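Both complexes shown next keep chain A, but they swap its partner, so chain B is in the first and chain C is in the second.
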Partner chain A sequence: MEALACIKRVPDTGAKIPLTDDQQSIDTTTLGFTVSPHEECAVEEAVQQVETHGGSTTALTLGPEEASEQLYTAIARGADEGVLLEAGDEEWRPTATARAIADAIEELERKFDLLLFGNESADTENYQVGPRVANELDVPCVTGIKDLEVTDGSAVAKREVTGGSEVYEVPLPAVVAVKEGINSPRYPSMRSRMRAKRQELTRMDPERVDGPTFERIRLEAPETDEGAAEVLGEGPEAAPAVVDVLEDIGVL
Partner chain B sequence: MSSRELPSSAGTVIIGAGIVGNSLAYHLARMGRDDIVLMDKGPLPDPGGSTGHASNFLMPVEHSKEMTHLTRRSIEQYDEMDMFTNSGGIEVARTEERVEELKRRVQSAKAWGEAGELLTPEEVEEHVPYINTDLIKAGFYSEGAGTCDPLRAGEIMRERAEDSLTVSPNTEVLDLHVEDGSIAAVETDRGTVEADEVAIAAGLWSPKIAAMAGVDIPLTPAVHQLISVGPISFFEQFEGEINHPVVRDMDTQMYERPSGNDMEVGSYQHRPILWDVDEIMSIDEAPLSPTQPPLTEDAFQKSMEDSLELMPEVLDDPDAGIRYEIDGLLSVTPDGAPLLGPLQDVEGLWSVSAVWIKEAPAIGEAVAQWMTRGWSDIDLHASNVNRFYEYGTSRKFVKNRAHEGYQKIYGIVHPSEQWQSSRPLRTSAFYNRQDELDARFFEAGGWERPQWFWSNEDLVRTYNEELEGLLRANEWDSRWWSPIILGEHLHMRDHVAMIGDMGFGIFDFVGSDVADYMERMVVGRTDVDVGKTVYTPVLADNGGFVSDLTVARLGPEHYRVVTGGAVAGSDRAWFEGRIGDDEEVTLVDRSESLCTLGVWGPDAREVLQEVAEEDMSHEAFPPYTAQEITVGGVDAWAMRLSYVGELGWEIYAPMGQGQRLWDVVAEAGEEYDIRPVGMGVYGTTGRMEKGYRLFGHELELEYTPAEAGLTFHGVKDADFNGKEAYARAIEEDNAATLCTLSVDDHVSSEGERRFMLGNEPILDGEGEVIVDEEGRRSYVTSAGTGPTVGKHLLMAYLPPEHAEEGHSLQVEYMGEHYPVTVEVVGSRPLFDPKNERIRS
Partner chain C sequence: MTMVLALVEHEEGRLAETSQQALTLARDLADQEDAPLAAVVFEDDDEQVGFELASYGVTELYRVEHDRLDRYAPDARAATVHQLVDEHDPEAVVAPGSDRGHDVLGRAAARLGVPMAANCVEVTAGDGYEVTRHRWGGSLLEHARIDGSPALLSVAQHEVAAEEAEDGGSLTEHSFTPTLADSDLLVGIDRIEESDEEGVPLEEARVVVGGGRGVGGPEDYDKLEELADLLGGTVGASRAAVNEGWRPHDDQVGLTGAKISPDVYIACGISGAVQHMVGCKGAKNILAINTDPEAAIMENGEYAVVGDLHEVVPAITEAIREG
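Right, the complex of A and B next:
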């Protein structure tokens, strides 16, 4: 089975997100980069399915040259190959991203049975790329998946809904957008990390075709709670202090 | 103890609640400070500094006595809090050069009183079954090493200080208020706290805090890369947090430290990655912690390869992944040592910075002693923050030295190794002339000082016979050394030499109260005639040495103090900090404005008389006096004394006229074959033959003038610092006495002549390290060849049973024992014992 896991390089932020002066993007001067936990699970799911069924896993991303770092990490976590769609430093919107990924999937020699995505990216949270790629390729799409079983030529995917769960059977190839919890992503071993770095990536030059678009006015960081945790006391003696605080904040 | 309200005033404010801030708070409380506020911008128990990502192991054996003793004392404290696990530690050697270095480790272990032994690769394997013995040639086993929990230890220390302490986390310092040169208050986002004393223990943020008071703490944040790999199935069969020794893979500058089922792999191998403090994320912005930015992966590649190779069995476990990986930020200083003590220019402001967890509890204790009683049990002089005063605090300098020093963290560093970067920085007026003569410059206190002159190479041939047996064939022994030094020495003894500039600290004290003040500061009587000089110890209240220096009386209300360049900043702080509030005493620092030229040797008087307008005769210019003289039109001031045991003068001239002074003396000396000679003669060969003591080597807080043989002043009537202890030390029998020894046989088992360099343990006939009744071990405080006496000389403190002239002992050097003989007990010079030359 041929599995594809699509990931996106995003800043690794703490409680407070620093913005650039023009408020158009996150100030990443001192930040590291990562992929969303959903995407970590997408890579792990692809690797596990391939471990079970044979075949190979390809990790793919669209982004700047530096995004190769995330591909190497995916390879270190068990992916066999990495594909970088060199998109430059500018951020691509979901429509253009999905078109470029769909084009790449059609162009690549390997024909994928399972197209795994994270349910949404960690930064922009558009929830679009997976479904749009499915639409472009005219394959079925399931999202919010927390359990996946692949059988011969089809997959059974389960997602949680209020009060229960929904179970779908989709013929392959299909797009499956997964959520954190579907598996426990492995930590890459030292040796796999070293090996990953030596691996050649496939680089592609995607064509950017923007759909109807919108203008970003500005980003605003949410107010962070400046107050920090405070130990009010221990045991029953702490009760009056707790009551005071509850009154202060208007709960009582 | 934790308070929602910040008090409006406090006796002591400590900024920074990492391990050293907690330790300082605890020990200050123990010593009686009862109104302490400990604040940190971050939350507790881990406020986000370097303490939170330390690998938490303590390897006690270092070549520095101070650091070894601080680590030992820290281990005792962690252990007392039940926060220490004695895992042992092993430094492994991959190269022959490192094997020699590990022998030197054994030597240092013995000298400083730690367990330490050399292991074969097979013996290393017995302790560390997963090590690849093919790669290693030897190991150094430090049985006393182990691991600690500094965050929990910090909590315990805060709890213990509870009654005297207000702890204020999440409190950002916005400003330091200074009034009339003293610290007045700490302004924070939770209010302002007035304070009598403030200690900056903010780790890599310390410079930023110090700048708020207009002073410098010279350190830079630097990356130490660290990963944690697990779960490793090999460790699953063992209990406890750590069950195998920590391994330091010295030649790759890495360590492997077991932690539970993980192995932490840390590295100093990568290229130095230095940060600016302003680039560091705030605690709100940091995903992990401000001091744990993401691993710079490309820099760690080689470290991964090397560690996998060394410990394939555990690190190549297919189920073990990299669970944690950071570029851990820690503080690096221009010389690698901590920055401790009172910051001059702001009274009451202290630095407790650049401290690692392995020494933090002891440093907290020692600085608390320093703050409360003026001296510490463990001498901290090598870590005195003032050692960089007025030269080594610029950002560029700090970065250059940190960059260079980073490679030395696990490096093989020769005791005389010189820094390469940011040089020349401080040059005297003689520099250009010396450079023309191919001087080999060494640096002290930032000053460029010639160690020897290549232009004097002919002297090695001239004194060919005298040097027989004193030349060093071994590369290590002769590194940063030249036989020219010995030639220069002999030439000076036979003819005349000029030495300078020594980079002295030169402080003038003026004011109506200066006579009383000076009397109080030093052991020697300073109520002397104008024009007299006094060589004297400066003591702490325990009777130990703070410094030794020369005091000259220039006028009824004017003294000049001349001290060593390397300790100029610390001495200045000591003197300045002891001027009473209502005392009329002003310190004027002349170190940068005066240069010093020494002219010494049998022909010194003839040379100087030719160019000096004054009468330089013995009668007109007696020994140990000072006068103004004019040399070749340069108005100068001279003292007739000598650190090399010869007739001669130290001439002090305005820096701007120094080159003229040099030229005039050099020209006048031509017919006497005057030679410029280096600090190798001044600082080592000349002084060793004369038994002159050197601060930081023979003289330190742990020894008294009685033990150092410097009681010639007796006990004067006037009160002075350390008087009581000093008088008591004279009364009592010495537990140890400083002796001069000579090496009887230099030949190693391989037939090579070896020369000790200092800090080697002294052993009795049975090969046991000599220990005095106070538990102090005998070791070589200084080593140097005495070419006139034809022997390699060592100084060491010896207990009474061994302090006997003619007594035979041994010294351990690079794993072998060499026979030595006690030549002199006390300070009598080996060369010219009656000082006839100086008095000629």
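Right, the complex of A and C next:
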């Protein structure tokens, strides 16, 4: 089985998300980078399915040169190869991203059975790259998946809903957009990280085709009530004050 | 005729809360455009839903009728939206920012070849639409201009207060039968599996006791469980704790976990990273217990206890028991 996992390099945020002065992007000078949590699981799912059924896993990303770092991490986590669609520093919209990914898949002349995506990226949360790629390639697509089983040319995928799950059965090849919780991604060892860096990545130069306008004006950090919390006390001696508060709130 | 078209969902024969919120934003948009508000329903439902939609200002209702649409099939819904758009040329299509809302709207956007703005909180008509939408679970807002005919918008959940229309009243019902290909029906719910989980789900709990990296290991969640049980609540965890393998992912509160809205969230040994805070910002009160008085959660919360959760939590449990 040939599995593809599509990932996106995103800033590794802590307690605050700093913006650049022109409010056009996140100020990443003090931030590290990672991939969206759902996509960490997409890579893990691809690797596990290949471990079960044989075949190989390809990790693919569209982004700046630095996104090769995220591809190496995916390889360290068990992917067999990495493909970088070199898109520069600018943010690509989902329409252009999906088109470029679909083009790359056709150009690679690989027959992927399973095309895994994160349900939505952590930073832009557009919820549509997976479905758009499926539409371009004319393959079925399921989203929000937290359980996946592959048998003989088809996949049984489950989506969590209140009180249970919806079960979908789709023929392969298919696009599956997964959510964190579908598996527990492994931590790559230092040795596998070192080995991954020696691997050659496939680099491609995607054509950017933007559809009708979607234009960012600016980003904004919403107001939060920054007022510090009322300190009820220090250590176990604070317990009676906590009980008073819980009574005031009405949960006791 | 120009219009604003809303996709709505039902739960047990009633309009879902997130659909009420989406309709409120859609109506505001229709008012700005001086255009009628139309809605499309897929579920086999009773008359009650028509009354509910009318009270939200819907004047045109499209009931989808198709003998092969007896189950949720997202591509069939997207195909229906596509055909309704071709027929009625709406200015905008608005859906709730729910799993199904995004599932259908994303596919419709792909078919129509138009952009889609997910999780909008505000939309202003003008030269195209100016939208304000969520990024990073709402810890960042994006102001953007969207063109495209129509503009596809989903509405962030629980951000727009649902309000019935002042002059809501009568609506005209239309039956609509889409032309569906076999491929539109390839993906659909085959069956529903019921969960055997017991206890109060995180999303519905009035009290949540959350534990982060500060808990130090899986065993000490017992202390949190004890307090939660006493308060009739349930236990949650940060992504850091879940990644450590201390708690199952189902317990995770945050951007990629549960979004909770309890009366009180007791956050133990949690620093307050964005990933976590977007999951608990719906809490009416946050009580943080942390050894670090400078931790971000101390700024975000209402109440704080500076101290080691391993001592503080049992002390609270004991104080409640002694009552």
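Just so we're on the same page, the second predicted complex is superposed on the first by the 223 of 252 C-alpha atoms of A that agree within 3 Å, B and C clash if a C-alpha of one lies under 4 Å from a C-alpha of the other, contacts with A are read in each partner's own complex, and residues count from 1 in each chain.
Everything that follows uses one rule, which is that a contact is a pair of C-beta atoms (placed from the backbone, for glycine too) under 8 Å apart; a residue touches a chain by one contact, two chains touch by 3 or more.
Owing to the predicted nature of the structure, the values given are computational and were not obtained by experimental measurement.
In the superposed model, A:R186 makes contact with chain B only, not with chain C.
In the superposed model, A:I17 makes contact with both chain B and chain C.
Comparing chain C and chain B on the residues of chain A they touch gives the larger count to C. Shared-chain residue A:G164: touches chain C; no touch with chain B. Once the two complexes are laid over each other on the shared chain, residue contacts for A:A98 go to chain C alone; chain B is not touched.
By the touch criterion defined above, A:L201 lies against neither chain B nor chain C after alignment on the C-alpha atoms of chain A.
Of the two partner chains, neither chain B nor chain C is touched by A:L108. In the overlay built on the shared chain, the residue A:V231 is in contact with chain B and with chain C. In the superposed pair of complexes, A:T30 makes contact with chain B only, with no contact to chain C.
Once chain A of one complex is fitted onto chain A of the other, the partner contacts of A:V245 are limited to chain C, with no touch recorded for chain B. The residues of chain A shared by its contacts with chain B and with chain C are 13-17, 224, 227-231.
Taken together, the chain B residues at the contact with chain A in this complex read 2, 4, 43, 169-170, 227, 229, 279-288, 293-294, 297, 301, 304-305, 307-308, 315-318, 320-323. For chain A in complex with chain C, the residues that touch the partner chain are 13-17, 19, 26, 37-38, 93-95, 98, 120, 122-128, 130-132, 134-136, 138, 140-144, 158-159, 161-171, 179-181, 184, 211-222, 224, 226-240, 242-243, 245-246, 249-252. Chain A makes touch with chain B in their complex at residues 12-18, 29-33, 69, 186-191, 193-194, 197, 224, 227-231. Residues of chain C that touch chain A in their complex: 72, 74-75, 99, 102-103, 106-107, 109-111, 113-119, 128, 130, 134-149, 154, 183, 186-195, 201, 203, 206-207, 231-233, 239, 243, 245, 249-250, 252, 255-257, 263-264, 271-275, 277, 284-288, 293, 296, 298-308, 311-312, 314-316, 318-320, 323.
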